[in-house]
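Here the structure comes first, spelled out in structure tokens, and everything after it is commentary.
As written, the chain order gives the labels A, B, C and D, with residue 1 at the start of each chain.
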Amino acid sequence: MKRLSFAIVAMALCLNTMAQNWRQQGSRVEEHTVKSEVLKAERSYTIYLPAGYDQQTDRTYPVLYLLHGMNDTNKGWYERGHVKDVIDQLTASGEACEMIIVTPDAGGNIMEDKWNGYFNMEGWNYEDFFFKEFVPMIESKYRIKADKAHRAVAGLSMGGGGATSYAQRHADMFAACYAMSALMHLPPASAEQVATGNKMAMLTDAANRYSCVDYVKEADEARKQQLRSVQWFIDCGDDDFLFDCNLDLYQEMRKARIPGQLRVRDGGHTWEYWHSALYTALPYFSRIFGK
Amino acid sequence: MKRLSFAIVAMALCLNTMAQNWRQQGSRVEEHTVKSEVLKAERSYTIYLPAGYDQQTDRTYPVLYLLHGMNDTNKGWYERGHVKDVIDQLTASGEACEMIIVTPDAGGNIMEDKWNGYFNMEGWNYEDFFFKEFVPMIESKYRIKADKAHRAVAGLSMGGGGATSYAQRHADMFAACYAMSALMHLPPASAEQVATGNKMAMLTDAANRYSCVDYVKEADEARKQQLRSVQWFIDCGDDDFLFDCNLDLYQEMRKARIPGQLRVRDGGHTWEYWHSALYTALPYFSRIFGK
Amino acid sequence: MKRLSFAIVAMALCLNTMAQNWRQQGSRVEEHTVKSEVLKAERSYTIYLPAGYDQQTDRTYPVLYLLHGMNDTNKGWYERGHVKDVIDQLTASGEACEMIIVTPDAGGNIMEDKWNGYFNMEGWNYEDFFFKEFVPMIESKYRIKADKAHRAVAGLSMGGGGATSYAQRHADMFAACYAMSALMHLPPASAEQVATGNKMAMLTDAANRYSCVDYVKEADEARKQQLRSVQWFIDCGDDDFLFDCNLDLYQEMRKARIPGQLRVRDGGHTWEYWHSALYTALPYFSRIFGK
Amino acid sequence: MKRLSFAIVAMALCLNTMAQNWRQQGSRVEEHTVKSEVLKAERSYTIYLPAGYDQQTDRTYPVLYLLHGMNDTNKGWYERGHVKDVIDQLTASGEACEMIIVTPDAGGNIMEDKWNGYFNMEGWNYEDFFFKEFVPMIESKYRIKADKAHRAVAGLSMGGGGATSYAQRHADMFAACYAMSALMHLPPASAEQVATGNKMAMLTDAANRYSCVDYVKEADEARKQQLRSVQWFIDCGDDDFLFDCNLDLYQEMRKARIPGQLRVRDGGHTWEYWHSALYTALPYFSRIFGK
């Protein structure tokens, strides 16, 4: 302390309070939009680029697609999940490797009639958009190691179900999946409600059609074999109202001899839970990417 | 899952995403201002009131004064520190007791010539304001157990130094103090700079005059005895630029046989560090309040 | 360091290496036997007495009954579970309160035809022994707060099932129960095997008759009300071969609206799991005893 | 649970209780002796070989030398540190990679006049033995990646000082060093005591001559550069009587701009501290070995 001058301390304190990331100012977060033919719409996304991305121009990176929950957008993982702060700290300590993180926008306020969900629905084929337009665009625009071994998907709540379903149905594309407090299954919506075009009813219907639990329960040996090529991590609080469907999936996976990790920690369906899950998820992906 | 109807799930998902605290909607956060004679100014503060505060009208609570850092205000612990979410979760699990949390405003952007700091400075006697006006006002307006055994103070950076100094110089008032990444000491500012009335120079000068390290180093046995009546917890990251002065204080306390806890975790001078510190600090205070 | 003389350092190093508990030499562990009329046998038990037990002769303490697993005896929690080291550290830091810990002996090598189990079996009414002889003897011989609010039970594997069953069927006696990797249920043994007097078959039969899962599933409202008077904590590894029956119990409790905590951590049916569980269990009991 | 038969459950329970490592029975621990020309004595060592070591006969492994404390021997890390159980669990979960762990014997009861220490002393040149005989023997007898990138050293107390000193003076040999509650420095022993040949006095003298703190303090730029080629981790409890010399080393390293990690957790000079440190140390080494 004695060697620090007044000016340096003052500067440091100011910089710290403002930047909050004094060791990792090199990493950055950008928000962009992409025009979709499938959706007939512009969609936003946020991308985290690690420190040194601009300097080491021949280096490629693994990628994590990080999905938000219902009523939220691509901004949530940054504004409340603080994913930039977490990955910066974990790469500084060596617990996580440098990676690119991409959060697409699959939501907005459903009460204001915004489309929510990662699945194909009549008039809003989001899954098609994601795999046919979004991923190819991202992986050509940024220097990404575009193979199964270096691609992972994670998400919370509706996005946890989306992540699981994407990794189940596109098992050839993902090395690993980490589901937080995930909506793994819903009972069917009534046909009348769906027919009205009510977006909540259509989302419920899609979540039922894309049930992650049934996808395992109904799996034949070939599908089970595909599912075993992904590393699975399920993380759900003991007070979460979605607890049962997460356990249902884990128990179906055990029956089908598909290895996976399960954690049940204290907590409910909250951002505190999801934020703290990043401290497990990002090192987990890093170990898998590093192999 | 099978028993949840479409409407209930939809409702739950919406409420969750919006409220983020489905189990603890009873607790609440208010922002108010107080008019200070000492400062000749209005100052804001934020207060957390636990669930049931309005119903159990004959119940009194312990109180934590939680201090922010430089360039920040009373809002920071809520907007980025998420202290409401943390205390709600910890009281739900039983790891923390119900308490009232108060964050005063001792800052703002110092580049815009805002006063910063918890100490008395020429023209801005904040310490006098705090002990003569603010604490008495808070503890008469809210149902607080207004004794040493149920009062604690904590803070980060400049507020960690403030918390430590308050508990040192007013040891009869606080049961415990938890300092995060604290500014415990600064070398003297030049007399010329202080004389100009530059607020950063005046803050530096105050931090030197109120050095927490010197306060222990120069303690006689009577003062040491007072200091032993408080429970001390120092928590500082191994990459923090304020690391040395935190260790200096801990080592001076060991020499003076003043018991205290020290933790050095991974990290720098960041909100991730301070947010995670709440998970140690709030149960720590709760154990002390419970005695 | 500079002030430590050669002799002091040498002494300290020796004492430390040998005693391993330099701060808490006051606590102690004793092994005794008790003669049982019910069992027509002598049974061992181990008891942990906190520091100061002999000095503060008018002080009484809460009590934890800590049950071992199959093929093990009262020694296991000390020799491999290191419960003395854990409680000494947690009381030193304030995370646990001072308590008396009692481990009875309900086992031995079943291959050598030793009786195992906490339940009543033909010719070995261990549950009767425990509640009619053992607990009354312990609570009169040692200075224990002998009421529901200050009595808890915990155990691992077979002892986790024993702890849960004891707290279920004697809910008026226990404030809390912590089950680790517990044997909550077994399918019925064949009547022929049981009739041979084979002790493993008799134990299996007893574990089926005393099913913790069925006890909740079959509960009427009066029993549910009793069960809600106990605080429950279930802790089981995601790789444990007993995982399913732990989840079965938790889900039955949720259906019956009996509050409880669940944790699923990484791990299998190992002492590493149970040892680390003590760091959650002992503070948990301490918070409950402290109310 | 319903599908498990009586016999399978019984078998599983027995195997578990006896083996305690049902998933990792493949790894094993052996104890051997080596005859030393330097010491004119036979010395024991314990070696951990990961699962599959005998089957994958063309595979080589990174190696960790794990050093015990004073009055202890090669057995301590297994009998009380449970290092086999920890590494088995961490490799099963993927948090640690498969590695060979070697614990040499540098001790015994010093009160019975046994030699203790990792340094060269008159008549007992242990450091020479270690580097000239022991490491070459181990790395030719077992399938070890015998290079700096895949070799690490760790230890507790006297062994933490030994590990640090070995990695300082043989920086070209080790990728990383993890010191637990380490004896980094001692004040000089009196010449008379050393001259008597008293082994405690000789050990104290050696610990002073090999001071880890002075080695950094006195470093020129060339030595600093060597020291920066090792990754350093210092882990010491806030109640440890060796706390000060660990902090002294860390602060000297900061001054010399040698990067390192520091953790101060709750606890003293105890096996609970060292056992829990393995959960940080083994993943830490694994990340470094994996690069």
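What we mean here is this: a residue touches a chain if its C-beta (ideal position, glycine included) is under 8 Å from a C-beta of that chain, and two chains touch if they have at least 3 such contacts.
Predicted, not measured: the structure shown is a model, and the values here were computed from it.
Trainee: Could you see whether A-C or B-C has the larger number of C-beta contact pairs?
Mentor: A-C
Trainee: Could you work out how far the Cα centre of chain C sits from that of chain D, in whole Å?
Mentor: 34
Trainee: Taking the mean of the CA coordinates per chain, how far is chain B from chain C in Å?
Mentor: Whole-Å distance between the two chain centres: 39.
Trainee: Mind pulling the chain B residues that touch 2 or more other chains?
Mentor: 93, 244, 261, 266
Trainee: If each protein chain is taken as a node and each touching pair as an edge, is the resulting graph a line, ring, star, complete or other?
Mentor: The chain contacts form a complete graph, every chain touching every other.
Trainee: Once bound in the complex, which stretches of chain A touch chain D?
Mentor: 93-95, 261, 284, 287-288, 290
Trainee: Please give the residue numbers of chain D that touch chain B in the complex, ascending.
Mentor: 238, 243-244, 247, 250-251, 254, 261-266
Trainee: Which bits of chain C are touching chain D when the two form their complex?
Mentor: Touching chain D: residues 1-2, 4-6, 9-10, 12-14, 16-18, 20-23, 69-72, 82, 85-86, 89, 92-93, 110-111, 157-158, 183, 185-187, 189-190, 193, 200-201, 204, 239, 241-242, 244-245, 248, 266-272 of chain C.
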